[in-house]
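Next come two complexes, and both contain chain A; in the first it sits with chain B, in the second with chain C.
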Partner chain A sequence: MDKVKQAMRSLLQPLLAIIVGLIVGAIAIAVVGGDIIETYKEMWKGAFGSTFFLTNTLSRATPIILIGLGVALAFRAGFFNMGSEGQMVLGALSAAVAALYIPGPAWMKLIAALIAAIISGGIWSALAGWLDAKFRMNLLITTLLLNYIAVLFAGYFVAYPLKDKTGSAAMAQTAMIDKSVWLPKLFSGMSLHAGFVLALVGMLLLFFYMKYTVRGFETRMLGANPLFASYGGVERGKLMLISMFVSGGFAGLAGAVEVLGTQYRYIEGSLTTPGYAWSGIMATLLAGSHPIGTAAAAILIAALQTGGMGMERNTEVPLEVSEIIQAALILFVSARFTYTFIKRRKKARG
Partner chain B sequence: MLLQMNQITKSYGEVTANKEVDFTLRKGEVHALVGENGAGKTTLMRILYGMETPTSGEIVLDGQTVSFANPTDAIAHKIGMVHQHFMLFPSFTVAENIVIGREPAKGIVFNRKEAAAITNGLVKQYGMAVDPALKVGECSLGVQQRVEILKVLYQGAEIIILDEPTGVLTPLEVKELLEAIKGLTAQGKSFILISHKLEEIMEVADRITVLRDGKVTGTVHTADTNVEELSRMMVGRELIQIERSAYVAGKPVIEVSGVSIKGSKTKPLLEQISLNVHEGEIVGIAGISGNGQSELLQALSGLMKPDSGEIKLMGKPIQKAAVREIRKLGLAHIPEDRYQWGVAKDATVMENGLMGHSHKQQKYGLLKGASIREMVSGWVKRFEIKTGSLSTKSQYLSGGNLQKLIVARELAQETPFLIAAEPTRGVDVGAMEIIHGELLKRRDDRGAILLVSSELTEILKLSDRILVMFEGRIVGELAAGEATEEKISLLMAGGKAVG
Partner chain C sequence: MEQLFDVSLFASTIRMITPILLAALGGAICARVGLFNVGLEGLVLIGAFSAVVGNHFTGNVWMGVLFAIFCSMLFSGLLAYLSINLRANVIVVGIALNFLAAGLTTFALRALFNVKGAFFDKDMVGLPKWEIPFLKDIPVVGNVLDGILSGHSPLVYLSFVLVIGLQFFMFKTVTGFRLLAAGENPTAARSLGIKVTSIQYGAILLCGVFCGLAGAQLSLGNVTMFTENMTAGRGFIALVATMLGQSNPIGVAGSSLLFGFMEALSVRLQGFSLPTHFTSMVPYVVTILAMIVFKDKSYLQEARKANESSR
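So, the complex of A and B:
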């Protein structure tokens, strides 16, 4: 009975947040002269309206989930890994290069591409961890700055040595990866690919790791009180490198599944423009770094984005308004105006 | 009657923290509130200070029924509280900390001179010396406490609640604080004093109210009672006198020779420390806190590396070893600051209990859930730790119960060597009895214990040998038989041993 009550309580906050967020959105829609009900209807349709739109939303959520999981692990260990963007881009580039140039059968290429992405993203992230452990460089700053290096580095590669010269378009991108190496689609004719399954598996593995393994326990304690952890014999340096590597590995994998499941090549800007990395970090923050919560929040954010696109297609309301709604929703979900707060207010008045 | 709290009841779900508690305070009186951890003292004071609303009951102040929604309300009604953990900004000056919240201003600019003048005025009025220009972080804990009290007085408090005010003070500072309290009551201020230290209460309080399990077991005049009676009222039974076996030291367990640590300032943190602890003995280290005890313990447990010297545990050098290796070799450690080193507040009771045991409670890297649960719930039973459940976050445990959890966790390591730093700080009589009993039992079972405590009574009660630290050095050694409080105090203050 108590458990049900508790679950209801923890649900009340996000629900309330969504309602308030929608009200703010409604005001924005009214200001630009849109029909509120119609607009929200289109938004819903764009996100979940049909199997096509639903799978589209899930496919957009895939890299966001993976990045969110990686960030969640680092956050739980007490490290602010803001470098997901760079780690993802390097992962994507490595996956594309591996898929294009590693010899062997297609399945081997695919696996090699995924592993290459995890390793390159992981090393890039662990580098920042090493700089912190060795030279006491602030992790927040190094991870942020390493983003620029990674993104520009990848940009250079696809603009010069790896540039696709076969097609007519002079775009900064690698050659197209052979169809046999693509991640399989889950439903024919839909955009959702096997990367989504990988993301869900990753979510379960991370949940399990954090909750039931010695390492996971130590990681959480390190994040909760670093002095307590060092007092208890937790090896901070080692655990930090591992956590940062896995965290970056998740981001690298996010880049790989985008390349192998959606784009089929590394295209300059294709991962940074949609802001997957920042959406992923947001999902983590919303969910308080809980793995399953992070995945759920990632899907919510993706739905807001695909919904916004649907709204723009079918109504007069511009995309910017949908972004306002998104921002308002996220803002209110992140606010911790909890049940207790409401209760206290009631009492103070009564 | 200045203040009356009538029939206060406070329940959290099924837990009742206060049950029909009556409490009164006269003008110019010191009324002490005592009881074991979790007896409901702090809850009662939080209600008075507006941090909690009572489930039922009323507060009458100066004949008027009042209700406080928050501490600001309470302060407006001239009630002030000094918390157990000081709430000061270490990087701000004494004067800035005192005027905070009601700063004197010149236009929109903060008036520093005026703040200093206000502070000096308070110092003169109440006879509590502080230097307004000093940064709080550079002040001793005793001075910080004075700053807290002056802050409350500046806010206009007539009733001052002191929560465990002497827990972190040196004997001399305690004396000064008690004097200050007496001085302020002579000026008409009234005090509510929460404390575990019955001797101090006997010295300063006019009346004493004892709480047990959320209920009042009695309110007595200090003149009509004694420490034994109070203990009985708190615990609800007679305290057991602890027996100990004869002192027979065995072979050395930890050997420290010539350990030094340079400080960032000119004075070294540790200078040529040499000491041994043998099987079957408790070695007590006395000293005013901040004289190198923390650094010594950190060096022993691997949290700080000495610049020179050698430390051997069970015959193996450990001065360069990692914490985990040292623990594996045979060290357990009750840390001096439980919130800083001893627990993670957001983690559960079970998780906090698991620290240091995780490598034994596992198979293929997976935690053995059932076995861990059994281990921790065993401690909860044996040490009578009051907690909602094993998955309660440790921040919801009272200080004493948290301390019992830490002590249980470290004793359960069953290591040949145990560091016990301030093992009973902020702990009530009943818990102290349990912890002291367990430490002595470990000694009788041929364990080696290094006890560091700022409580001389604790050092004298438990130790077989006593070392005194002053400014990073060991300045004296006394056998249990020859040690007296006077001799130790003299050494602690840097004086030479006499006789």
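So, the complex of A and C:
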């Protein structure tokens, strides 16, 4: 009974957040003189209205889920990994390079590309962890800094040595990856690709890792109470490196599935412009770092974005309403910390 | 080489750093009271937008600047309320604020001006350019100095005055010492009767003022228009400049100069179609190296302790 109650309570908060977000969105819609119900209907249609829109939403959610999972793991361990963007970009670049230049059959190229992405994203992330463990440098800042370096680094490669010179357009991008190496589409004619399945597998793996393994328990302990964790014999440095590596690996994988499933080449700015990294962080915050919740929140955020596009196509209301809803969600969720804080204080007094 | 480094390169450096410098000074004040303000980007964006709005509707550029300050302060007040009174995690609130700012400005752009992407009004007058008198008359270096230092908007000169003023305020006045104390050890400061909460509020609101000025310089000084997301990561660069400058006004000015110079140099190199990626990278690499040399100060340790966990 208690368990059900607890589950209900953890669901109540995000639901409340969504309601508040929708109310704020309704105000914004009313301000520009739109019909609130009609607009939300269009938004729903744009996100889930047909198989096409649904698969479109899910394919947009794929990198967001993967990034969110990575960030969730780092958050659970108590580290603010803000470097998903750089890790994702490096993962995408290495996936493209591996898929283009590694010899062998197509399936081997595909697997090599995925592994290369996980490793490069992971190492980039673990570097920040190492700097923290070794030099006590603030992880939040180093991950932010490493973002810029990674994005510029990848930008250099596609602008000069790896640039696709076959096309007439002077875009900074790699050559097109061979069709046999592409991640297969789940339904023909739809944009949803096998990367979504990978994301779901990643979600389940992370869920079981956090819940049922010793290392997962140690990770949660380190985040919840670092002193207690070290008293219990948890090695902070080692665990930090591992969690950051896995966290970055998820982000790298996110970049890889975008390249192998949607773009088929690394295009400069194709991953940073849609703001996948920030959306992923937002999903994690919304779900309080719970793996399954993070995936659900990522789909919600993707739905807000694709729904917003649908809304803009069919009504006079601008796309940015969905951005305002997203921000309101996060602000509400950040105030949730407060709610628990007040409750704790009341308990302590009483 | 001579083509690469000339007077106009340094002049454009100065123009480019001003928004970063102003925002970074704001970030430094926040860092000094133990709050790591990730929302600089959003605050500057709000400032840039409201400066254009104020200018458009009042027809007076100074009203535009004032309106920018007012709006940025309002938003920083939200940050202060959520993170101080409601004890929400300041980093989370900062991230949310960035989202809110990006969404609100583009939304309001559509709602107020009915345009998408950018707002430009040919009748709108930007900030005036000030010529410094007598600078030309200095022998030998006069023309060079004039080329570099003259002809900027008043906010550019104000930002340099603010650097010195802030340095003086932080390290030479009683209020400044209280501010530092509140950041370094809030508990001890509170026990001495220092009102830590009001100092934190003051610091964040002051940060809002600085960010409003930064935004006004961006949208009324460098150009006279507002484009969607025109901050383009400058707020985060300011954050890095704060870190590199060790939250020390003069240090922040130095690191902002480095960032501005590298940005101007990148623009220049682009003209010669040389790779700019590595010159743009330099400030970030330097910051990481600098962080190894300068160990975290205690106030940052405090900030970190407060922010280490996501819950």
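In this text, the second predicted complex is superposed on the first by the 313 of 350 C-alpha atoms of A that agree within 3 Å, B and C clash if a C-alpha of one lies under 4 Å from a C-alpha of the other, contacts with A are read in each partner's own complex, and residues count from 1 in each chain.
One rule holds for everything that comes next: a contact is a pair of C-beta atoms (placed from the backbone, for glycine too) under 8 Å apart; a residue touches a chain by one contact, two chains touch by 3 or more.
Fair warning: this is a prediction, and the values are worked out from it, not measured in the lab.
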Q | chain C versus chain B on the shared chain A, clash or fit after superposition | A | clash
Q: May I ask you to decide whether A:Gly155 touches chain B, chain C, both, or neither, giving the answer as first, second, both or neither?
A: second
Q: Would you check which partner chain A:Glu235 touches, where first means chain B only, second means chain C only, and both and neither mean what they say?
A: first
Q: Tell me which partner A:Thr213 touches in the superposition: chain B (first), chain C (second), both or neither.
A: first
Q: Considering only touches as defined above, state whether A:Ala224 meets chain B (first), chain C (second), both or neither.
A: both
Q: Check whether chain B or chain C contacts more residues of chain A in the superposed model.
A: C
Q | First (chain B), second (chain C), both or neither touched by A:Ser289 | A | second
Q) Looking at the overlay, what does A:Ala335 touch: chain B (first), chain C (second), both, or neither? A) second
Q) Looking at 182-190, 200-208 or 272-280, which bit of chain C clashes with chain B? A) 182-190
**Q.** Common ground on chain A, meaning residues reached by chain C in one complex and by chain B in the other
**A.** 224
Q | In the complex with chain A, residue positions of chain B that touch it | A | 53, 69, 301, 303, 322-324, 327-328, 333, 335, 340-347, 351, 354-356, 358-359, 362, 365-367, 369
Q.
Can you tell me which positions in chain A touch chain C when the two form their complex?
A. 28, 31-32, 75-76, 78-80, 131, 135-138, 140-142, 144-146, 148-149, 152-153, 155-156, 159-160, 223-224, 226, 278, 281-282, 285, 288-289, 318-324, 326-328, 330-331, 333-335, 337-338, 341
Q) Given the complex with chain B, which residues does chain A contribute to the contact? A) 212-215, 217-218, 220-221, 224-225, 227-235, 347-348
Q. Quick one: in the complex, what on chain C touches chain A?
A. 36, 82, 86-89, 91-93, 95-100, 102-104, 106-107, 110-111, 116, 236, 239-240, 243, 275, 277-278, 280-281, 284-285, 287-288, 291-292, 295-296, 300, 304, 307-311
